[in-house]
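Shared between the two complexes below is chain A, which has chain B as its partner in the first and chain C in the second.
Right, the complex of A and B next:
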């Protein structure tokens, strides 16, 4: 298919205030590309991103009736959106603009070889020109969005998110797999640094949830299916019943627990206690009613005899479909479960995990006992299941050092004769958490340290467990700690029973946690539009960091769906239906189910669902008849770029004329240059009008970060707007003044 | 050691390996200026025909900066690319092109040093192989 090639291309080459032009001869580049097919005008500018340069480009495009543009400047990661906007304001389609990265991937990378950097810049700009010639006008895909969100997981992260999202006007469905809200936080007892109980935190959040009419909480709810796409997801959810159909007060509940004969390990207490088939996670768990565990119940009927129990053992599960615009995953983590025998776990009877210890401490009353034996000396072994030199958990779980030390503080304040021994691999109580470490040393806790090369060994002798280690803090002296209880400070791992990720097709990272688009720049979004991740399902986080990420996801979700419309990038796969013979390979490979089998002109072919396709392109190489191309990375586009890279570069050597031209340009155009300054440059000049100033003084005066000021000041110096006074001020900073 | 400066075509991914290449520049870590980068959404989209086209046109080596397991789209993207490379190498063998001229490595979004090292090593090994045109039978003009 022959395309209409672009005929009037505007090429704008940025000097970036010397960041490019110090190493790349931009004038040479301009000269070398001006005769490329389709190029109508080439301009170099000092700061292409500055407001005045943008206006100039827009005017130029309109005046000359250009049909496309190339900007050669910094990485498109910085200014792609800026120049798409310029294109739009100039009346161009934003996809008729192509960017060439001649700073990060040219002038800076090759600042050691300026001539070759110039040669490379020519090739990069030519490739962009060749690509833009082929460009077509594309419309962003606009779809309707429901201002309704599903939040999966009602731990503190999900609860917090629901409240904020609801307050921003979004209808919220809060979906919890367990029959009670609160997740892990409810299990932890007293928390650093306020000593507030995790259960109190949950209660406070839950009460706020109940005050809001636009939040619906589903407990015992399992996600079964997902259809649709961003703005219009259809989430199939199975709601398991509580089997208690009316109010059930505390007295009645207590009686129910009493009469129920079926017993099992209580998961909430990590198996330290037993619970009945009728149970609550803990006394004040929410929602208030107990629940009947039908996997355990044998319908003996004892509970039905209790008056006012409102029990209905025949209540059936309900399948519902929630129509939502966005989905926020706050599904949390599992504590690492040590392997049998790992530091004596399950082989020595007084070895427990940190989560178990927190439950033990929370439930203990009057005396601290485990297995009927009173506890005085507690040894904590750190980094169990984290930072494994050989295992698959390479990560630090971030919360465990603080949690273990906080536990040591909690236990000591409750039972003052307890002695704590922290056998660690280096304490990581970063930030404010350092205070709990200080408090623990003040209360007399003993810290011993080992390295990954020699792990401590454990041996049970009588009632005590003897831990032997080479203590790094005393020049590898062999030390023995005799403990009544050994607490394995276990880290966080992804949920073992995760059915959600598979159904929602959430990308999983190498650490097996949910994966964001970009760890720093886009930390709560996934590549699946409309699906966000927050809290410990993404990576180990403490409650503080969890809240920060969940509020961030909340804001992102709200801004996506609250206007009722969503714009999607039209960078998707296309099918040449003349070539396609529907073999189904693309459909099989696609992670997102973006393909549909349709009939066109009497034959079956693949069709791409525009709202679902992410444009990753994985399908393109596997198509045996080469019917698939990705918009923006089509065969033609890639191949013309390659051709441009290899085409010889010959500079027209006319030094004299060019030098003359350059001088004229520079002296006559001071005013023009001044006009082209970015806002911050103008502010700096203004600030220096009254007196000479140092960089920090200018920064304070114009209220910009000092590093920005320094960056622009150096450009101003280069272009002869300012100079050093040669003096330094009292703080020993150089002073700068206007150059007349 | 040959003085030949080979031309290298890099395929990088928009979200992961391209930022690594940007970072190398930001840190002024130098590599051969004959390295040219094309950014695609995910390197699993790189087709065999693009690589072969590059060799035909005089690119001496093709490097795929894969996302590895960091890929935001799919964790098996490197496996998919490996298959494409295997297929490409079959054709390269038929055409008498040294299969060491195509290379893939995973780059994370901050893997500036690994990228620069890959470019240095790849440049050196390609230099010792000499100009691609000796293999594709085109003239050296």
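Right, the complex of A and C next:
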């Protein structure tokens, strides 16, 4: 395939205010590349990213009628988009621009070997020029997006997200695996700091859901399959029936619970109580109707005899397909389940976990009892299943210190003779949560601290459990605490039975939680376009942090699908269907599932789904018949880049002439440089006109952060605009003045 | 081996000013103590909180060595009334041992 080669290339080499030019001789680089085939213009600039330099480049491209450009500067991560925009504004196609990284991958990396750095820079720029010669004009891929979202998980995170997306005009499907909404928050009882019950939060959100016509809630819903891609996902969902077909009031429900003979541990109360085969999670759980657990039901028919029960035990599960533009995952967490024997769990009968204790406290009425014995002394052992020195959970679960102390406050206000002992590894009631720690010390709670090198040991003696530990707060003296109930303050771990992650191919991090693209900068997006994560499925979070992340995911999803179309990068894999013979190796390898098997002219070949492919290039080398090319990194392009890179570098040396040129052109250069200065540089010079100043003084004068001022001031010093006076002021800062 | 006795503190004092519980074990008081008490001010409070009566009696000299200079009280980040707590402890020791 013969391409039209670019004939008028503009090459711009950035000095980056010394970041590049201190180590790489940019003038030498310019000289060495000016005779490369296709190059029409080579310029060096002090800050290529500055507004004035951008305008100069645009004018130069228009004036000289250039057809493509190369910028050699910092990492493309920083400024690729900046210069694509410059190309666009200059009337070029933005893909007729190639970026060469001569800062992070050259000047900074080889600051101790300036000559070699210059040599490498020449090669990098030559390679970029060779590549841009072959570049083609590309258009961004535009695909249609359905303004419909699926939200997986109807805990407080999913409920909140559904309301907000619906209010912004998106059709929402809220998918919950359990038969009732509310997730973990409903189990949590009274919450810090307002003592509002988790069930009340759920009720409030659910009522808002009911008021909105564009939200459909599916309970008992399991995700079965996923097809399609961003803007047009097809989500297969299996809906298990409730087996109650009409309204079922409270009185009838109570009768049903009474007549049903089948009993099992109630998961909602973490096994503290029993429930029947017909059940609700709790009295005011939503949706209002009870549900029949068909795994437990033996169809004895007793419930059918209750009048107005509306029970149909023959209801079948239903499979539906939802066509959605984006998917938001709010699948939450599991509380850590201690191993048998870990701090006496399951081996000593009065050892329970924090979630169990919260349910016990929530359900208790009149007296606090466990296993029929009344409780006075409660010992809390912290960081169980979190911050494990040997286990796999290295993280801090963030919510548990506050939750345990809040429980201690609640139990004391409900039963005043209770005494709390907090056996911790350092209390982390960060931010506003510190107040609950102070309140707990005021009510007389005792805090003891152990280190991971000696964990407390437990022994049951009579009715009491004796906990022995070395208290770090009393010179590691050995202490014995006698308790009626031991509460293991368990942390958060990822969901154990997670079928969603496998079907949706959600990336999982090394901590086993769902993984975002960037922890800090892109915390709610995944590498799969159109799939967002929020809440505790991503990392341990309390309700407040969960709300922040879910609202952020909601906003991201809305901005993606609400306009009805999505723009994607055109740099993707392409298949030469003449060569392809469908072996399936590319399909096996692709982590995004971008390949499909299709029939063209009676032969099976691979096809790339443009909306899914990320252009990562993993498939190209695996293809045995070389049918796969990545746009912008085709074999031809890579080969010419290599050829350009390995070509000999011979500098055209003429030191004397250059020196002479420098002295003659000095004034002109200074004026030119002054014009190219970024805004802040000009401000600094202005500020120094009246008197000599120190860095903090300049910063205060021009209202810029001092570190920025220092950075630009050093560049100005290097280029001979300013110099230090040699004096220091009262605060012992150096003073700088204008160099005349 | 010491056994925790959380009821002890009630026997000790019911005065509202008596607040060794507010101690966060930062150690500021111990660092500042001009006479470097054998059992540092922090530990004197700690023994009372944990109800370690044996330890209190063992360290009775320390409770009486204190100058009540209040350097620790002035600098305590959680406003523990250390000197007043020490005096309450002296009162207890007087009653218990010296039968005064």
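The working rule: the second predicted complex is superposed on the first by the 523 of 740 C-alpha atoms of A that agree within 3 Å, B and C clash if a C-alpha of one lies under 4 Å from a C-alpha of the other, contacts with A are read in each partner's own complex, and residues count from 1 in each chain.
Going forward, contacts are C-beta pairs under 8 Å (C-beta built on N, C-alpha and C of every residue); 3 or more make two chains touch, one makes a residue touch a chain.
All of these numbers come straight from a predicted model, not from anything done at the bench.
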State whether A:642 touches chain B only (first), chain C only (second), both chains, or neither. first
Does chain B (first) or chain C (second) touch A:526, or do both, or does neither? first
Partner chain in contact with A:123 - chain B first, chain C second, else both or neither: first
Partner chain(s) touched by A:459 [first = chain B, second = chain C, both, neither]: neither
In the overlay, work out which of chain B or chain C sits against more residues of chain A. B
In the superposed arrangement, does A:142 touch chain B (first), chain C (second), both or neither? neither
So in the superposed three-chain picture, is A:59 touching just chain B, just chain C, both, or none of them (first/second/both/neither)? neither
Between chain B (first) and chain C (second), which does A:481 come into contact with in this model arrangement: first, second, both, or neither? second
Is A:441 touching anything from chain B or chain C once the two structures are fitted on A? First, second, both or neither. second
Shared chain A contacts, counted only where both chain B and chain C touch the same residue: none
Tell me, which parts of chain B touch chain A in their complex? 7, 9, 15-16, 18-19, 21-26, 28-31, 33-34, 36-38, 40-42, 44-50, 53-54, 57-59, 68-75, 77, 80, 84, 109
Chain A residues within the chain B interface of the complex: 75, 77, 101, 103-113, 116-117, 119-120, 123-124, 127, 507-510, 515-520, 526-527, 571, 589, 591, 614-618, 620-622, 626, 630, 633, 635, 638-639, 641-643, 645-646
In the complex with chain A, residue positions of chain C that touch it: 1-4, 6, 9, 21-22, 24-25, 43, 46-47, 49-50
Which residues, counting only chain A, touch chain C once they are in their complex? 377, 419, 421, 441-442, 444-446, 448-449, 468, 471, 473-475, 477-482
